[in-house]
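Listed next: structures, encoded as structure tokens.
Next, two complexes with chain A in common: one pairs it with chain B, the other with chain C.
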Partner chain A sequence: MLQAVKLTKRYGGIEALKGLDMTVEGGDIYCLLGANGAGKTTTISLFLNFTEPDAGTASVCGLDVTREPLETKKLLAYIPEQVMLYGNLTALENLRYFAQLGGRDYSREEYRGFLSRVGLQPEAVDRRVKTYSKGMRQKVGVAIALAKQARALLLDEPTAGLDPKASNEFSELLLKLKSDGAAILMATHDLFRARETGTRIGIMREGRLVDELSTGEVTHADVEKIYLQHMHAGGHYAQQGASSA
Partner chain B sequence: MIVAIARKEFLEIVRDGRFKWTAGIMALLLLTAMAAGYQKYSAYMDMQRLSQDKTNAQWLNQGDKNPHAGAHYGNYAFKPAGPLAFFDNGINNYAGTALFMEAHKQNFAIGRPASDQSSIGRFGDLSGAMILQLLMPLLIIFLGFTAFAGERESGALRQVLSMGVSNRQLLWGKALGIGAAVLLIVGLCVAAGGVALSFADLPMENESLGARVALMALAYLLYGVIFLFLTLAVSAWAKNARAALMLLIGFWAFAAFLAPKAAVEISKAAHPTPAFGKWMADMRSHQMRGIDGVPPFARFEQESREIFAGYGADSIAELPVYVGALRLQKFEEYDFPVFEKHYGELRDSYTLQRRLQDRIGIVAPTLPLRSLSMALAGTDLIRHVDFADAAEAHRRDMARKVNDYLGKAAVSLNTGYGGGNVLIADEAVFAIVPPFKFESQGLGAVLAEHSGNFIGLALWLAAALGLALWSARRLKAEEG
Partner chain C sequence: MKRIIISHEARQLFRSGAFRALLLLMAGAVAFAAWSGQRSIDRQAEGANAAAAFEDGRRARMREGTEQYQARVLAEGGEYQFASASHSPGAGPPQGTNPGVVGSTTAKYLTLPPTGLASFSIGQSDIQLSYVPVSMNPAMNITRDNELENPVNLMTGSFDIAFVVIFLLPIFILAISYDLLSSEKERGTLAMILAHPISLRELLASKIVARAGVLLAGILALGLAALLAVGASLDQTDTWVRFGLWMAATLLYALFWFALSVLVNVYGRNSAANGIALAGAWLALVVVAPTLVSLLATTLYPAPSRMELTTAARQAQTEAESAYMERLSEYYYDHLELVPEGDGSAMDFLTVAMANRNAVDKAVRPLHDEFQAQLNRQESLVQRFQFISPAIMMQLALNEISGTSADRYEHFLNQAYDFRAEWSEFFTVRFLQRSPLRPADYDQFPVFEHREEPFGAVMTRLLPSLLGMLALLATAIVVPLLRLRRYQVAAT
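Moving on to the complex of A and B:
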């Protein structure tokens, strides 16, 4: 579904991504962990073709995103850390707009259906979204992904700043999408949820994928230990030592 | 898809609190301007009609006198405002409204409303045209500068572009949505004004009025679309919404204020208007000297044999018309080329200035629009020249008619005695001169003269569209 082959990206002289190889299949929730600047967001931007790779390819359902930028986007849904909606439009109007941008259209009842599936209170549907909490916005973001009938989802720290209940509801939604067969790639800092919700975990450091785990084979404590080992290993401290020497 | 984008853009704009304010202010200004324009126009047209009727009556009732003295008594031509002067008053404030027509002299139009105004008048009339020329672009900029830049700043653009929509579709959709919002305000006000005017009993000069209104609407529509695409181009290109706004306001100030002023100054420097005192003195002395250096009396003596022969006469006694009247008419005619030369020089300087201004006008869309708007309203220089020409033609006709009458009525004076009142004309005689009536060249001539300005607007439209497409193509979800 989602595949990166030797994906490389430089910003200025700095290599943000160094030959990333990864695959996310349908029914997978692949959680990308790593410090800020490890290359998680860059990976997502490359799949969306918001930025051009310097080498390697990113493909969605076998289509190269740089060659078929519009087609591949139609297969994807993207949910950022802050789902940005149009404040003066209602949830339903926002959803309809984004669905139409994705080339789909539904009846009002169907739109209501999507919004109720993601757990938005029916009375909020016709309210302007400038009054919405972050959790409600993220739900609309998922509804947009549902309405788009995306084959693959790209999530960039979608639960950051959500309260535990909202975060939990969001994870439930992801599990539903997964059971529908979507391929989900999620950048996150939440080790606990990554283990709970994810099927696989990838750990990134300085533009490289340094480890991959299957969540069924590890405990939460294992994940944290392995993550911290990688963060401490060589790189960070060694570099600091070198620069101060 | 494009319609969906347009609808969202329109809804978002219309629901924004700022829209209500902007729309309210714009509507208030536009309606006030049109009401003021109407009031001014109807007052002017009433005055023009009354004055023309009065001066026509005065001509007829000037009392019994020598018919040539009647031509000296003269008559006024009052300029009609122009078919759409209530919308665009053009140069009417500066060009003179009344022209005195008398024997032997071609005069200027006098009565310039601007000379009766305080310095505030220099800012120009509050007219529908001014509001649309200056404020409509500002409205478009305010409603449109965030179209791309604002969404990029908020991050919404990432989501929008992640949906697989093409940049070009986004551009068309946004243009349509913002355009609809602008049209909602401007269109409604103009339509309301138009309907109100159609109920008012306007003394309309119905010169292809429908075509003028349609072309006017087309010109202003083009102008609006130019600013719309420029706004979208800059919004897509600029680093952020703030930068987009600064750049657009800068361009607006240049187009609306700096460029027109500069065009006027440059054109005056390139084609100076003759200094009035010297010009007038030159013309008068040229009349005295005669166009070929032979003063009128001497010239008449030289040419008298030929002139008499034209009547099949060898001597004054054989002439079928009074020689004094013949001489008066010849003197009139000797002056024609002098007037044509001197007024021609003056007029050429204005025409060259105007044409240069139109050529400079290519630097900003406001200039060709302003020119076109005045021309279509019938308040521009071309029409003023038409009016002056019509008055001069009337003046010559008046002089010729009274001189002809005198020639026939007083023929007995050629042989020495004039029985009865051969030199006295009464109302019935003065009635041989019909009342002054102004007919302009019509719309065809206006369009021929102003095709360059339509081309100017079309070029700007192409440029704005090209810029917008180029900007949209390189539109990125994020900076850098």
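Moving on to the complex of A and C:
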């Protein structure tokens, strides 16, 4: 569903991404872990074609995102760290605008249905979103992905700053999307949530994917141990990467 | 797909209080400008009517005198005679019988008829009066009364619709589009939108179409309202053709400013930086460039002062008086076939005065011509340099469309000079022949009929300005198209 092949990106003289190879299948929640600047956001930006790769390809359902930017975006949904909406419009108006941008349209009742499925209080639906908390905006973001009937989701630290309850609700939504067969790629710092909701975990460091785990085979403590090992032993892995490149 | 963005953007615009306030402000500005432009045109018309009524009234009284005189001659018998020029009223023939007196003491006022759109752009018509006096006096007197307006008013220029379009419209446009992309980027919605199947180019185009559509609909409505309120000759095709040209020019000019907003936005700076860059562009193109070009014109081709012209006229007058015998022979030399029999009557005061006037006219003609030529050189320099600023092109275009351009005025003045020659000749011949004016002769006085320039001539002068704006617009569109690929959607 989501596939990166030898994906490379340079900003100025700095290589932000060094030949990334990864695949996220439908029904997968792939969690990208790594320090700030490891290349997680760059990876997502490349899948969204916000920026063009210097080498390699990113593809969605077999379509190259640089060759078919509009086709691939029909299949994608994007939930950034802060879902930003038009503050002077209501949740329903925002949802309708973005759904229409994605080439879909529904009745008012169906829009309400999407918003209630993501757990937005019915009384909030017709309020202007400038009064919304971050958790509520993230829910609208998921509703947009639902309405778009996206086959693949790109999430960039969507739960950062959410309180535990909101974060938990968000994870529940991801599991629903997963059960619908969507391929989900999520950059996060939350090791606990990654282990709980993710199916696979990728650890990034300095533009490389240095490790991949299946969450079914490891405990939370394992994840933390492995992650920290990679972070501390950076020099060693960087050398190994250089010799293999 | 685009339609969704266009209607979304239009809705967003109308939801913004600032935009609604801007629309109201613009409507107010146009209303005031229409009123002010109309007042200026009305004042000129009143001035023209008053001046013409005064002079025509004097001629009518002279005619009345001749009618009474004719009746007396018929009743008492005798000959209908020529009055010698004199200031003392007597029992003899009235002054109205003397063609020299009638031709030199009364003036004929000629009027440049305003077009239907004249009140939209006053142009230079506050300096160059649309009505001029013609008599047997030297040709320079025709423009002598120009610049009667309060100099402070002349300095600030008139607040007409052209001013609103050239100065204020760009500000309105920049206010609603300076943060076209930057605001979406800063709000974070740009990434949300572009995660959907929308290209950046499509987004930009839709946002511009929404704004330009709303604004231009407003301009069209306001323009039509202004035309119906203060326009003239609404039944004539000419007025509607001019209105169409006016709208076309305004559309080009407005689109240029929209394109400039896009141009600045594709460089990816923040809204504040965009705002400053665009404010600077407005200042440079609308205020600084026209001032510099005007300065260049008056520095390269300084107009000789009217003072010089007057001094030269006085000098010629003094010279003529000191050598009037010589002047007189020269004058008769010019009109050899008309020398009256018996030298005595040829020496009277009026003949001498007219001979002097002739001499003065000849003496100041070169200076006067140089004065006009210098103004023409300034004008053609402005026309050559108009391409550096859309504001200059627009001003020239709007003056041309409204019929208040310098060229149309010159066309009128040339007709006035021709008419002066005709008018002078009519009275001079009769005066020198000592042929008395009868009441019926008053109907034979030359009549001025203003000949409008062919529309082709207007279009020929208008076209460079319109094409210049079109070229500028094309440039302002192409650059962003080339640059857009490098736009950074997300912060890195």
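Please note the rule applied: the second predicted complex is superposed on the first by the 234 of 245 C-alpha atoms of A that agree within 3 Å, B and C clash if a C-alpha of one lies under 4 Å from a C-alpha of the other, contacts with A are read in each partner's own complex, and residues count from 1 in each chain.
We take it that a contact is a pair of C-beta atoms (placed from the backbone, for glycine too) under 8 Å apart; a residue touches a chain by one contact, two chains touch by 3 or more.
The model shown is predicted, which means the values in this text are computed figures rather than measured ones.
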| item | value |
| --- | --- |
| Touched partner set for A:74, first chain B, second chain C, both or neither | both |
| First (chain B), second (chain C), both or neither touched by A:88 | both |
| Footprint overlap on chain A, where chain B in one structure and chain C in the other make contact | 45, 48, 50, 70-71, 73-74, 76-78, 80, 82-86, 88, 97-98, 100-103, 144, 148, 154 |
| Contact set on chain A toward chain C in their complex | 11, 16, 41-42, 45, 48, 50-51, 69-71, 73-74, 76-78, 80, 82-86, 88, 97-98, 100-103, 144, 148, 154 |
| Partner chain A, residues of chain C touching it in the complex | 1, 4-5, 8, 12, 15, 187-189, 191-199, 488-490, 492 |
| Of chain A, residues touching chain B in the complex | 45, 48, 50, 70-74, 76-78, 80, 82-86, 88-89, 93, 96-98, 100-103, 105, 128, 144, 148, 154 |
| Sites on chain B touched by chain A in the complex | 1, 4-5, 8, 11-12, 15-16, 151, 154-156, 158-166, 476-478 |
